[in-house]
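Next, two complexes with subunit A in common: one pairs it with subunit B, the other with subunit C.
And then the complex of A and B:
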């Protein structure tokens, strides 16, 4: 009887246990050590190798509010690193939520950057892959105004942008489409390096592109954001959630093991009952 | 405990709890906030898309005299003829144009980035040697596993010959590689969903209730 019960635990019980386990370390962190993955080091070293005098980075803010919990910490950490190094940033969005989330990043950066000189939020361009192509073809003239309504010609940072080759690096924070596939299809050969901050669910899909060298670097989900925060020495919301994330995994793994063990023994009981 | 006094934060918190109440069972409050969420998303998307039409088409047309923009504007308007039965057929024209454009824009890049570049990346030496000529065992094993995995999966989807003998064994290997991949994907799905749940917990218990 109890074997059957263990195989059919009510989902509400699972959710309640998960909530309690996640909430505990969020209130009182327990400090589970966080190791840094190779891909996160790649992103960090890539940004460290940029020259503040000449390099400009395009940040594609292609994540939605629904996936922001996974990707936003990455965007904040990378933007902080770029701002700390004095590297100019141009933020562009190909999903409607992008400009709003870009403004949140700008609020966090605060006095580290001067709007219009060090950074700009160009806003949203609709059209999916066609919009990506349009911006890659004509980055200087695609947006007549930025998200805040300023004329592009009045923004000093944009005077340095004539073609897509004026960007040294594109970091694309994304939760879906448009995303890495659209950029990889449209970027010209010899164009800027392409790196991505990606929602956790998509990580297995993008690994072949990292191995093939089409991605210069990759930040995988919340974990990537947390690792990056640690690397730049500014632990933020990503790092704060990693204890809870680890314990949450342990809960899920425990439930999977319990369910499978119960299944295994119930099958054995069935067999011995038949004999 | 520092509960927020911002009414919008309260609205956010109550909305999140209402949406999560679906976990217990469906209820009218969940339905209400589901509709609010969908309505707000559509409204926001509509406003941003409208801004795009003004910035990208209407303003350049009317202030800079870019008459070529009349073409996409008319094509766009033609899409709406589908709501009028007698002239609904007109909407097929811009639809065909959009499909052709989509295929044209993506085909070249698709071949280059997703077929040729990936095929090139799969062509790797089985035995990797250092500049001094010494065998790099770890990298060699990695490459052998990678190539066997790729071949196995290709054999699994190769239906021109019957799957028996060596072909069957390669196809079985391919199936195992795919099962491992699905396991990795499931692990990432769990991780991703917990990340999203942590964001919600942070908003409810941190931003709203001030416990965290």
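And then the complex of A and C:
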């Protein structure tokens, strides 16, 4: 009877337990220690190796609001690191939500950057892979105006951009398509280095690209963002959310183990009953 | 004529895009840029076309008072508010109130709804994984064990319980998973190449709506 019940726990019970476990650390973070993964160090070291005098980084804001919980902390942490180092950033979006999320990053950066000189939000270009290709071919002329309506010619930062080779690094924050495959297909050989911040569910798919060196670095999901925040010494929303995610994982693991233990013993009972 | 012209267009466009990848020729390069720009325009146009389609379908639903028609009213209303405010604020960058209104719509209407829909998946995943991950066979046990180890390897709290969880999780991800993913990627690429070739040569005409 109990074994049967443990194998068929009502989904409302699972939802309630999960909700309580997720809400707790969000209201009062626990501060579970976080070790830094190799991939996050790679991203950090890559940005540390850039030269503030000559290097410009393109931030592709290709994530949707739906996936922002996973990717936005990465974008904020990387932008903060770049701003702290005085490296110029050009934000471009190939998904419609991108420019608004880029504005959120700009609001967080605040006085660390001067808009138009250190950073620009070019806006959104529709067209998926074709749009990616167009920007790679003509980065200086694809957007006549930025997201805020300023003429591109009036922005000092854009005077440094003539071809895609003027970017030293592209960091693509993405939740789907267009994403890493579109960039890797369209970037010219010898072009800028490509790094990505992706949603956790996509991590298994991109591992071969990291292994082959096509990705210069990778930030995996919320954990990547949280680790990056710790690395730059500015724990933020990513680190706070990691407690909730961590406990959420444990709840799921516990339910799976309970279900399987009950399943195992019910099978044993069945067998001994037959004898 | 009805079949030949679209097939010829597909062949010429595909041939130009493919050739310019291997041959550096200024004329072909210009043609490629032009075709790519057309691609961008056509995609942008398709967004408008989709909006008209949504409007047509949901207007009919409202007119016929079909079930859920009130949701269609909400959809059309929201779509128009976003379009009008978005276009107005885009073309009047000096009007700060319009820009603020668009920003508020995005931050306090669109974002919470969108994030909520996505966040609900966590609850479904919890319930579904509890029901689906059962040690019913050797393969299922293998899958279950790998899933648990990767999950535990990704949770900092599990690391506090046993510091080898991340090591095992990363090994599964970096070695076992990468090997499989690489095989899948190569298979998909070969399949994609074969399909592209069939489309270019006109053997596969499904994209033209002929169903052949």
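Convention: the second predicted complex is superposed on the first by the 275 of 275 C-alpha atoms of A that agree within 3 Å, B and C clash if a C-alpha of one lies under 4 Å from a C-alpha of the other, contacts with A are read in each partner's own complex, and residues count from 1 in each chain.
Definition applied: a contact is a pair of C-beta atoms (placed from the backbone, for glycine too) under 8 Å apart; a residue touches a chain by one contact, two chains touch by 3 or more.
From a predicted model like this one, the values you see are computed outputs, not experimental measurements.
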Contacts of A:249 with subunit B and subunit C, given as first, second, both or neither: both
Touched partner set for A:67, first subunit B, second subunit C, both or neither: both
Which superposed partner A:126 touches (first subunit B, second subunit C, both, neither): both
Which of subunit B and subunit C A:46 touches, first, second, both or neither: neither
Touching partner for A:3 - first (subunit B), second (subunit C), both, neither: neither
Touched partner set for A:36, first subunit B, second subunit C, both or neither: neither
First, second, both or neither for A:143, with subunit B first and subunit C second: first
A:15 touches, of subunit B and subunit C: first, second, both or neither? both
Which superposed partner A:214 touches (first subunit B, second subunit C, both, neither): first
Overlap of the subunit B and subunit C footprints on subunit A, listed as residue numbers: 11, 15, 18-19, 22, 66-69, 125-126, 130, 133, 200, 203-204, 208, 211, 223, 245, 248-249, 252
Subunit C-touching residues of subunit A, taken from the complex the two chains share: 9, 11, 14-15, 18-19, 22, 32-35, 37, 64-69, 100, 103, 125-128, 130-131, 133-134, 137-138, 148-150, 200, 203-205, 207-208, 211, 223, 242, 245-253, 255-257, 259-260, 263-264
Complex contacts: residues of subunit B adjacent to subunit A: 23-24, 44-45, 48-49, 51-52, 55-56, 59-60, 101-102, 105-106, 108-110, 112-114, 117-118, 120-121, 181, 184-185, 188-192, 194-202, 205-206, 211-212
Contacting residues of subunit C [partner subunit A, same complex]: 33, 36-37, 39-41, 43-44, 47, 90, 93, 103, 106-107, 110-111, 114-115, 117-119, 122-123, 125-127, 129-131, 133-135, 144, 148, 151-152, 154-160, 166, 170, 173-174, 177-178, 181-182, 185
Subunit B-facing residues of subunit A, complex: 11-12, 15, 18-19, 22-23, 26-27, 66-70, 96-97, 99, 123-126, 129-130, 133, 143-145, 181-182, 184-186, 199-204, 208-209, 211-214, 221-223, 237, 241, 244-245, 248-249, 252
